[in-house]
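So, here's a batch of structures to check.
Two complexes, one shared chain (chain A), two partners (chain B, chain C).
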Partner chain A sequence: MSIKNQESTTAVTLDVDTGNKFAAWFAQKQNRYVLTIIGLVAICSAWALSNDTRWIYLLVYAWFGLIYGMFLQYGRFCMASAVRDLFAVGVSRMAVGVMIALCLYSLVAAVVNVSGFGTFHPQPLGLHIIIGGLIFGFGIIFTGGCASGSLYKTGEGNMGSALVILSISFSQAFFVNLGNWSDRLAPASWAASALEKDMPVELSADHGWFDLFTAGYVWDLHAATLADMLNVTQPIVRSFLANSFLVTILPASVILVLLYKFYFRKGYLRKHKIEQPEMRNHLQGIWAMIISSKNTAIAGIGLGVFAGLHVWATGALREHYDIFNFGELLEDMGYTSGLSIQGTVFDPGYWYITTQEAQWGAWVMEHMGMDMRSNIFFGLDNGIPNPLINAPGFMSIGIILGAAILALLRREFKWKLPSMETAVFALVGGALMGIGARIAMGCNIGAFFATVANGDPSGWLFLLGMVGGGYVGVKVFNLWLTWRTSQLDDGSFL
Partner chain B sequence: MAIKFEQTSDGQYELDVRGYSCPHPQLYTKKALQKMSDGDELILIFDNPSSGESIQAMLDNEGNELLERKEGDGLFTWKIRKGS
Partner chain C sequence: MKQKFTTWWAWLFHKEVISISRQLHTVKLPDGETVRVTHSVDCMDTACPRPQMAVMSMLETMKKGDVLELITDNPTAIETVPALVMVLYSQHLATLQTDDGWCIYIRKND
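Take a look at the complex of A and B:
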């Protein structure tokens, strides 16, 4: 046989092998579901772009959501467990992963901010952040996941987590739209301050607890990054030294050392039979702690980098379309019914969860005949767009689908219906998460992760509150568990 | 769905926490291990993937040994030996 014929035969054999392997892969139903999800995302994206290329703005949210979902599932990355597992079972894995992600996000965000594509706005600094964090932190112990964690677990087929999302959505929508009866719960000074703001009468901003809280309290607070506070103007010093190093990397490093000292050191020294540890041993131990869960560390790196790239992508699109908010694009495309009275919609420009879910809840409630727009949250700021054109909403859906893809590929997808106990925890815990997130103006992503990574120290206050709430939550949960195990028929845990 | 924890034979235990998500599986595992003696073995059955990472870290921290892990179709069956 000539060399040419031999090459041709080899190529045919390889093609047949590849074809057989694909056929075997395709024969498994989980893989077919994965291809279906990817195909649907591709077709919907192409369809949207063929209608109007400006939908790219919405699709960027969706695509980054997919990436977040995959990393979250890969690393079982859930900030609820960062707090909960520390206090409940003495495991620092997730807290370490969060700190890694935070440092990476902060460095990429610094590059993005120096390049002028930053989209971040600092949060008003006040006690409300700690209080909101406390309520949120208490709630996450009972739901089994934070806002992003519940999304990715929904993608694993966990319907208890889907209930958490449902509860977060409606509790927020209800909370920001509290009626006049709730005025008496707000201090008179808030009402007086809100009146001074001279808001459009249709918003009734001087009525309703959340409107008084927003206009009469939050708007009077100062919001700034550390660089702003220190009046640092040189872009590199501002982004890398003040906002990234001082606000994120330095505190995160201190937290890593504390995690090692209180949660990892003892087990590490015992495992390596080190009785008289030196500094060298401790440094090796800290490194061992960082890489102890490879999946979590990789997820932390991936989430940190992609969260930063997300800021850049949205910032670049805003520059390209010469807009500040997606509402401007929607208006140009003729979709005006979901916009706020300022012509805006919720459009953070970075990884953020909860407000888009509040919009889902409000959209349903509005279609049930309720007035959801005579408040600042929806009426003035975020609007209530149809979920089909809600850009950050597609980030949440992307997280669910991305997690589903990876869970199916890893054979970890399983439909799970909640028991009555889990369902009640999901609904009550989810409601607390929703209320806490609104008081703190964000969840563990928007009020902590994105905030700290972009140089806003207020995010640490949220973490402080969340840790406090989580600690109390674990104590209460343990009491419940002790009672629950005492009720088991066989008394096996007694 | 109910938690099931039972002694199957001398020094052998089984904990079934299927249907429960975080933090139930890790907390019940911790409680079960507290009830066992050093060297006893536990078959742990759960279906919440994220609990696995936490349980693995908890076992490492406390000197327990993961002897065997079977995983597939969203179900995890781990064999654990309680360390001293």
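Take a look at the complex of A and C:
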């Protein structure tokens, strides 16, 4: 009896204790904000599901967005700094993180593809990918973040990055909808080839630079994963050997060795006072480079695994509802106004950033009275759904909220207003990123990360372009900083 | 550097200024060591890659054994600077979180 009493007293004290701890935790306003965000997401999810369970398809995007946002913030996973830090300050941290994420994504994607739930479509292979990558890479140096980098930095309270997203959205919407005047900028062969495609008149596919580019150039190109090129049919050899090992893991390993050789070796050997390095030392050095920034490595692993799981989740849902595109579900639910003339909306089925932002911009422009649908990009392929039912759009919002949750928990959330200089860089750089992303058919996530990990070698072309653009961008940015510093005379610098 | 603005146009046209001070002070690090800070750069409210480049140019001017203090609120910078410091043959002593950012301490080794 007495023992039992004692037990119950301890239980009560424990409860009071946890209660107190929770009260202390709750008393901090950042933690209350975290609970508010999580609560709002949970309530909105429950509300959507109680309306119609088919919204699960949209919510999967939103939830994976939250996860991406948390990992991006955790590792300060910034693809812009992957390129910029290499050239500007000689640090390979982020480039290493990207390669880790890439290898894991490709392994998980191989499993998903073998199981038959793959959602990936290869990109047409052509020079436009390098050119788009160049423009995109030049832009990210000035905005200080790539497309998903800007999203997670917005979640940290950085309003300069929010401007970048705004600029990416509208520049893309504007660029794919250029008027007839831009026909002159396209080669005559594109126009001829576009005419042959016999597209519906309302798309005016033979007018506008981007329409000519799409119908007259990109559609004539060949898109294939390496396994398709090599004609491999056995599923396991296809996914693991051809697509994962040959396209991703082998090149990524070569890049890791090169990064070690050119950026890490000297400092590492000097730090450990190794004068005559052997193979063993170099291998230890490469390992030290991989784990040198733990947060980045952990984020790389997490992003790679969850990006692969995302493909599986969306693929399984498509199988369950027997659809190819979210547009079919929307039509069943009675939302037809945002669909393209094929009845589709943008629905990649994997991590993708830029197109949904273009749709936000186009939706606003359409409501200001502009005709946004007489082009292939919106009219035929992606549609312009209301942002409230734009499934990949919720992935972008999820990244912002996920990053905000983690930044608040780590006490790193801080409202930051940009200076005029940063704001101009954000708008101009963001516009370049938008244009580059459309020419290359994706940003560093859609055109490089997801592409390479799924076995499509065209993604490496994008990286090549992005690195080249980044190199030029760093040179120009340094000139700008030197000039600005020379304008100051009080010994401080910019 | 944290700047205060009285008018909105002053804010609109302000520059992101990094200020340098040579005021000597001592800091107690988490591992118990007390170091004497010889150089301090204040990169509050500056965007990437300015803090990183400020560290690079500061380390160039410093002598062996000098300690640099970097004050910043840029989360990407605090992740990059420790990696950057190794490339520059210096030692990352500690990163301390403050109310509105971080202070990073770096000793020049070479």
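Heads up, the rule we're going with is that the second predicted complex is superposed on the first by the 488 of 494 C-alpha atoms of A that agree within 3 Å, B and C clash if a C-alpha of one lies under 4 Å from a C-alpha of the other, contacts with A are read in each partner's own complex, and residues count from 1 in each chain.
Rule of thumb we're sticking to: contacts are C-beta pairs under 8 Å (C-beta built on N, C-alpha and C of every residue); 3 or more make two chains touch, one makes a residue touch a chain.
Predicted model only: the values in this text are computed from it and were never measured.
*Asks:* Superposed on chain A, are chain B and chain C clashing or fitting side by side?
*Replies:* In the arrangement built by aligning on chain A, the partners chain C and chain B clash.
*Asks:* According to the stated criteria, A:267 is in contact with first (chain B), second (chain C), both, or neither; which is it?
*Replies:* In the superposition, A:267 contacts both chain B and chain C.
*Asks:* Between chain B (first) and chain C (second), which does A:238 come into contact with in this model arrangement: first, second, both, or neither?
*Replies:* In the superposed model, A:238 contacts neither chain B nor chain C.
*Asks:* Answer with first, second, both or neither: which of chain B and chain C does A:157 touch in the superposed model?
*Replies:* Only chain B is touched by A:157; chain C is not.
*Asks:* Of all the chain A residues, which ones make contact with chain B and with chain C?
*Replies:* Residues 76, 78, 80-81, 84-85, 88-94, 144-145, 156, 160, 263-264, 266-267, 270-271, 292-293, 295-296, 407, 411-412, 414, 416, 419, 422, 477, 481, 484, 488, 492-493 of chain A touch both chain B and chain C.
*Asks:* Using the touch definition up top, name the residues of chain C that touch chain A in the complex.
*Replies:* Residues 1, 11-20, 45, 47-50, 52-54, 56-57, 73, 75-76, 79-80, 82-84, 86-89, 97, 100-101 of chain C touch chain A in their complex.
*Asks:* Over in the complex, which chain A residues touch chain B? Could you list them?
*Replies:* It comes out as residues 73, 76, 78, 80-81, 84-85, 88-94, 141, 144-145, 149, 153, 156-158, 160-161, 263-264, 266-267, 270-271, 292-293, 295-296, 407, 411-414, 416, 419, 422, 477-478, 481, 484-485, 488, 490, 492-493.
*Asks:* Where on chain B is chain A touching in the complex?
*Replies:* For this pair, the touching residues of chain B are 1-3, 5-7, 19-24, 26-28, 30-32, 35, 47-50, 52-54, 56-58, 60-63, 71-75.
*Asks:* In the complex formed with chain C, which residues of chain A make contact?
*Replies:* Going through chain A, the ones touching chain C are 75-76, 78, 80-81, 84-85, 88-94, 144-145, 156, 160, 263-264, 266-268, 270-271, 292-293, 295-296, 407, 411-412, 414, 416-422, 477, 481, 484, 488, 491-494.
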